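Following this message is one structure expressed as structure tokens.
Chain nomenclature is as follows: A, B, C, D, E and F, assigned in order of appearance, with residue numbering initiated at 1 for each chain independently.
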Amino acid sequence: MTAEPTGTWAGPATGPPTGPPTGTALPDGTRVPRFAGPATFTRVPTIDAVQTYDLAVLGLPFDGGTSYRPGARFGPMAVRQASRHLRPGFHVELDRVPYAHASVVDAGDVPCTPFGIEEAIAQMEGLARDVVGTDGSRRLVGIGGDHTVALPMLRAAHAAHGPVALVHFDAHLDTWDAYFGSRVTHGTVFRRAFEEGLLAPDRSVHLGIRGPLYDRGDLAADTAAGFRAVRTHEIDLVGPVAALELVRERVGDAPVYVSVDIDVLDPAFAPGTGTPEMGGLTSRELLRLLRGLGDLHLVGGDVVEVAPAYDHAEITALAGATVAFELLALMAGAGR
Amino acid sequence: MTAEPTGTWAGPATGPPTGPPTGTALPDGTRVPRFAGPATFTRVPTIDAVQTYDLAVLGLPFDGGTSYRPGARFGPMAVRQASRHLRPGFHVELDRVPYAHASVVDAGDVPCTPFGIEEAIAQMEGLARDVVGTDGSRRLVGIGGDHTVALPMLRAAHAAHGPVALVHFDAHLDTWDAYFGSRVTHGTVFRRAFEEGLLAPDRSVHLGIRGPLYDRGDLAADTAAGFRAVRTHEIDLVGPVAALELVRERVGDAPVYVSVDIDVLDPAFAPGTGTPEMGGLTSRELLRLLRGLGDLHLVGGDVVEVAPAYDHAEITALAGATVAFELLALMAGAGR
Amino acid sequence: MTAEPTGTWAGPATGPPTGPPTGTALPDGTRVPRFAGPATFTRVPTIDAVQTYDLAVLGLPFDGGTSYRPGARFGPMAVRQASRHLRPGFHVELDRVPYAHASVVDAGDVPCTPFGIEEAIAQMEGLARDVVGTDGSRRLVGIGGDHTVALPMLRAAHAAHGPVALVHFDAHLDTWDAYFGSRVTHGTVFRRAFEEGLLAPDRSVHLGIRGPLYDRGDLAADTAAGFRAVRTHEIDLVGPVAALELVRERVGDAPVYVSVDIDVLDPAFAPGTGTPEMGGLTSRELLRLLRGLGDLHLVGGDVVEVAPAYDHAEITALAGATVAFELLALMAGAGR
Amino acid sequence: MTAEPTGTWAGPATGPPTGPPTGTALPDGTRVPRFAGPATFTRVPTIDAVQTYDLAVLGLPFDGGTSYRPGARFGPMAVRQASRHLRPGFHVELDRVPYAHASVVDAGDVPCTPFGIEEAIAQMEGLARDVVGTDGSRRLVGIGGDHTVALPMLRAAHAAHGPVALVHFDAHLDTWDAYFGSRVTHGTVFRRAFEEGLLAPDRSVHLGIRGPLYDRGDLAADTAAGFRAVRTHEIDLVGPVAALELVRERVGDAPVYVSVDIDVLDPAFAPGTGTPEMGGLTSRELLRLLRGLGDLHLVGGDVVEVAPAYDHAEITALAGATVAFELLALMAGAGR
Amino acid sequence: MTAEPTGTWAGPATGPPTGPPTGTALPDGTRVPRFAGPATFTRVPTIDAVQTYDLAVLGLPFDGGTSYRPGARFGPMAVRQASRHLRPGFHVELDRVPYAHASVVDAGDVPCTPFGIEEAIAQMEGLARDVVGTDGSRRLVGIGGDHTVALPMLRAAHAAHGPVALVHFDAHLDTWDAYFGSRVTHGTVFRRAFEEGLLAPDRSVHLGIRGPLYDRGDLAADTAAGFRAVRTHEIDLVGPVAALELVRERVGDAPVYVSVDIDVLDPAFAPGTGTPEMGGLTSRELLRLLRGLGDLHLVGGDVVEVAPAYDHAEITALAGATVAFELLALMAGAGR
Amino acid sequence: MTAEPTGTWAGPATGPPTGPPTGTALPDGTRVPRFAGPATFTRVPTIDAVQTYDLAVLGLPFDGGTSYRPGARFGPMAVRQASRHLRPGFHVELDRVPYAHASVVDAGDVPCTPFGIEEAIAQMEGLARDVVGTDGSRRLVGIGGDHTVALPMLRAAHAAHGPVALVHFDAHLDTWDAYFGSRVTHGTVFRRAFEEGLLAPDRSVHLGIRGPLYDRGDLAADTAAGFRAVRTHEIDLVGPVAALELVRERVGDAPVYVSVDIDVLDPAFAPGTGTPEMGGLTSRELLRLLRGLGDLHLVGGDVVEVAPAYDHAEITALAGATVAFELLALMAGAGR
């Protein structure tokens, strides 16, 4: 019994396929309404339904590291649901048919405890490593969850690719040392990644930082951890082209991990998040900056901090889904 | 690679199983958070993952027959999402472990056009017939969608079981003749079912009817179609026990189809619906009336008119999910 | 050019009409969708479109007397909008076709200042008197606005009918003496009406009162103003039939004005109001109590305190519209 | 009896009137609160209340052609309600008193079926033709409704003015061939208009297009239908002045129809719509582009896809109302 | 400088005060609007502003033990804000002026970590013990937070009063053994309390339990821990008077701790909570049951699980605030 | 008993302190969660808790001067609540530790009547004068309330500093003469301030004005009152740097009062306000313009028109809180 007619983005878009896997099977969008059909990310197959794959989406439903508004545990669910809006065919700006270039799967959610940060991180790291493997042929986009989930994701990326340059979109540095005595939270995760050696030295960059800090010394500590922080005020002054140039210079040819905290967007564009901050990027700025990363060597990424209880009309979840799709599209072309 | 530990409600609850299938495999609720894992109804397996099954849930994402607020096309999605709240283990009032008694699957959504009522009905009828089969061994709970979807559901039930007694919970009669010249809409569907011979003569009943009518003659027309309408005002006067007695007398030993328009609940309990009507049932009244149907011969049912764009905090979707689960639990015990 | 087909509820329902006006012209509900067409209350004609009328609806968009959440100035707009949900044909419980019995019109909104209580009251009183006239042949249902609007409404009723018995549904007594030195506010309006002699002595009753008071003495003051307060707790104990009996005894054959503060309903049923109070009536209780007033001599009424900014899915506005329709239906049959 | 004081924007603003009709009668905004008074668009008279008129607003409450979130059937109601916010006096950027230049009326809503696309289109076309007439002296602004309503609007414009240049603001091309086998939906309407010869050859333009496509070939098909698509990414690169220059070159001296899908705005600015797409225009960009059309020969227009169930605080409806007012203001000055 | 005029509920209401403290100083409600002034619970003084006190309210902003929707960390804030609605003067049903009987203070919030359950519990227990003291003269009402906070509250009550009878209003038993290997969560807290000897043997009762269970054995385990579970279905059958009789028999003369999970209310009455369950109590039932506890020996209590991100129009927070006020009113009269 | 650990921003940031007061005591943000602790603005001390202070925040909970959507009476409460999001430490763009430079207190709310504009203004003026004093050493940031509150604030500023230059961010001029015969409303307040001589001649400026006007003559009247209006359209054309240059030239060395109507932001950024207007500033533009005022002689300011009933996810309240913090930060450095 076949409930849903399916098609396949099988044909090569800009050139012949280089071998199997040769594309992603999707329901036919003109026969299965987008509000029906599989609840996977953009309705790609589940990981159990395919023999092999190039790119995977993994839900990381953990928000135990949140310092203000919790609720990002429902982020994977909301982002998948909003991904139904997307028509994942031809990407015009990238001139690419992403799902023909790569076999994309949805690896489901990590079943992790809501009650202990360390245990949950271990659970997330375990499944992320399984999904991404160790030979560098598979890449992963994580969907949070609060920003704590970036630590296990970086560990899995490091296991497959060695130290990475982090391109980090966020309103906040996330390099504080500890909150309430806890050293692994959504505000300290990149200090830990630095200390663990997951990051390539002096190749990482924050984009979209804004708002006051607890302390002036926070900036020096951030620099000491190998970061360059680009504030929204700088983007006002120099523009997105110069900001991208700075990113490219800094990153060089290192493998790149892109982490997008949805609160890099202004609260008008992303109300559904845990620590909103006035004065953020517009959605067009974020898309332009992301698309400008196309010639880097992307090896993984995440979109985090979508907290649907604070969202309206799915606009934050849709932004999260679009960012995840852009990351997949960038990776579908890169490295082939 | 196994992302999610699973358990099975395999053991008999009140007696030995009578043969395969012997229960429904579910994720272990103490290891896979309810906000994670499969997006199926209460996380039961998909229809493609099992060899056989007793009971199936089918999404009917169609709202083209709506006369006021549309949006029930998103009902199946919302009801499945809210079903994550449920712990589908032991049903205390029914003293039953439903998923041990029966193998329950999620048959997905009917891929039907949003643009034509007749075509969509044919698509829904086709898949419903496939899922329910013709030998009477499988039973189906449909999740709408607007009330139009009850017509293909009744046709499928009729194909397997012959004419049925309809126990219909609703604020509205839904036996009007036509709207805007259209004879199949969410307000006319049971007149059509009567005319097609799908209903056993004079055995059907509406419960929870209220509000003014377009015309006094609507009542006579309803009676002529073989219905007895129990208004909420009557339930105030006679109480639920007497109302159930009336249902039982009327239904007798006919096979019974239970159709629940969520607007039978007061708008306080079910704001997320298309044609709310002040003065409805409470959620406890509805549950009590449903549970009182346990000794009838239930052969199918539906819950319809959940329109999530008007819902708040998922309370309507949760009511819809709970009603669907109650129908499954009633059927899991009946007829075995 | 006629944009909208219209029908007329012209035929007598339970007997021959007693003379002109002979019914209310409405758009045909099976040809003009309820979400389209005139924005008047249940799409009745505007007052300027008819020669004469029996019953009128008047908007009183004033909320300058509100002590907590303002916003009832948008009440008339919201109640009219929600009245589109209603099918104002045959009223089953009253066994009546209200709009055939009476010519009903929408008299629009009083253009009153938001900036001064006294001036606004004078403006409301002026237009209410014009609409209701002085010969007792026309009756008026006001749509607030905060409860302050009941004072000009009572003055207009008194001018046509003399002192009235007030049947007052509310969570609060509204017989305080002053707030912040102001003697006319939504919490003091019935003390003023009493002092002005608008109320028939010792014939008035509050129903649905609940919650703590500022002071124990508030109860004695209320009694001194000629009221009997029936708390929800009493209704729990004695039931609606006994409560109605008490009302009837108290009211006797005096002309009756019914004032419904929507906060008499529990916040679950009416979140969209300015001073919600836990523990209120259900919508079915309110409808049952209202319908029990059918044999009284109703000469006017209002429904007030619908504040749509706090509403959800129009459930409060729909309750307000239904109450206004019930008042019209009661009056359409009374006194003929 | 006159409930509401009225004033008239009768005096010429920048020159003597050229003959009757000589302005639009409105309630006096300093005496009748904007939250009270007529529910027409910016409180202009209804079409039945005037002898003649220059410009008309027409509600097109149809959403049966929607592929994702329905609900635009409530768009006309919401846009009219939000238009109360506007002070329709002096338009500063256009240096114009629009309602003195032109007699503006509200023609109400087309009473069309929600149950059949073809029938509804015929009903909309019929009334639109009646309102706009055939001699080119009257112009019409339609308020949707989903984008399907543009087809009958274009037919009516064509009947009065011949083939038009379409200036189309939208996130989507709306020139697909068919959805689910249906050739007239909100995503195919301009392919149909092209095929019917309603559009002047090679003079039309889309502005604000963004997001991925189902297929790379969609772009070629769009070009073949005579369109030039300006994506938001291009606007980032060239700026609004250059974009307007492109529009002017393309349109030339053809009669122009302006169709504004509110989803051309970013979801932050217009959450209340059916197919939101991340990365859209800001409200200031849209206003600037619209005002740049002032020297074109505008003969009609629409604003569509406002779906209030997904709106918040009326911001989408207010954007829709403002766009409709801008179109009226542009037309009030053009061609005189 | 005194920003706010204050009054004092100093006079005895039903008898002479028995000694200092002699009442609670509050802002004068007729001079300081309820939407202004102190942000403490019902605007009582802060704990630092008084010499001594009888009753204290303590915020417990912890939700790290939540298994489904988090957010109750914002509960204390929301309940205090909603408490502004209350007029904490004369309690009619209890015939009592609570704030004249007792000096009531707001003890603020426990500053506890969001990142570790055990550490947070220790922090809560520490401050609760400080506030309540050990001589039994002071009593405490806690405002959660998720239900985990009841454990430190019970420890503090036990330290002052010895083993208590627990009267527990909830949809859920909260006597499971462990979730995800964690033994202290919001679903296991009363099993822990039993094991620690905080509860008087066989004197505790759950009221309002409903919904399916994970396992049939959950009921036996609950009984083994000394509880009697009264399901809503039983309340339907026997009524509130009999339910109260059962509570009284079971509790006897033991010191009583009342714990109210706001989800004991139906989601219609309390949408703003983490694990809503269809079919709950009405707000009137809950108030009636609470007021029926007046002759018991109450020594403490809490109201928990208000999650404002899911609330609407503050109805859940208002219910929480009203419950807290009822508990204070009950204790203000008891034991003096 | 100390519920909350506190720290002090006592150390000088960019130089030695110039004498007492030497900083603001705050709870330690790494030990007291931001969602707990004092409900004052950014958790600064209350005015009664300190001996002296430099800067004060004052709530002005009055909305009786609102012409459209009321509700700004809840603005102070919402802005304080949202200020919990802020980390009021090091201000990066200003390179300043504001709370080390100045002792900042929360002066609470003015207890003013909701029922009379003149009386409320007198109450607000009285307390504002008390808080700000007359010797010019203390400065005040007011939190509205509707824009009417700016009049008493300006009177208090004038009493201490003489005539001020007004830098006014708003969608609307607020220099109309009267509404409904009332001369002091939120739309007329600056005409009154001009007439009273509170404003330095020809030194004031509006920024962000947009939308149509009631009348062309409104602009001349505004100029006559000494204002220069900078419309958003001008900002599009000249950019923020030029706009700031214009402000500086106009203001010169006069003492400056900054009044920010939150509706200067586009409704996407500030939905929670009473008279939204399409086409406003982005939050980044507003912050950039505010920060550009750093070298002016600021003597006071306000942020008004936050109406939380229309807000979503606190984004408007957060914008209001951020603006108030920016004003404090600007003043903390200025004039020392």
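By definition in this document, a residue touches a chain if its C-beta (ideal position, glycine included) is under 8 Å from a C-beta of that chain, and two chains touch if they have at least 3 such contacts.
For clarity, every value in this text was computed on a predicted model and none was experimentally measured.
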Chains touching both chain D and chain F, listed by label: A, C
Set of chains whose contacts include both chain E and chain B: A, C
Most distant chain from chain E by Cα centroid: D
Inter-centroid spacing, chain E versus chain D (mean Cα positions, whole Å): 55
Chain A and chain B, separation of their C-alpha mean positions in angstrom: 39
Interface hub residues of chain A, defined as touching at least two other chains: 31, 33, 35, 67, 73-74, 113-114, 179-180, 266, 268-269, 282, 310, 312
Chains grouped in pairs wherever the two touch, ordered by label: A-B, A-D, A-E, A-F, B-C, B-D, B-E, C-D, C-E, C-F, D-F, E-F
Residues of chain B that touch chain C when the two form their complex: 67-68, 178-180, 211-216, 218-219, 231-233, 236, 266-269, 271-272, 275-280, 282, 310-312
Residues of chain D touching chain C in the complex: 1, 3-5, 27, 31-33, 35-39, 47-48, 59, 61, 73-74, 76-77, 80-81, 107-114, 127, 130-131
Touching residues on chain B, where the partner in the complex is chain E: 13, 29-31, 33-35, 85-93, 97, 266, 268-269, 282-284, 287-288, 312-315, 318-319, 322, 325, 329
Residues of chain D defined as touching chain B within the complex: 63-67, 69-71, 73-74, 113-117, 119, 179-182, 185, 309-310
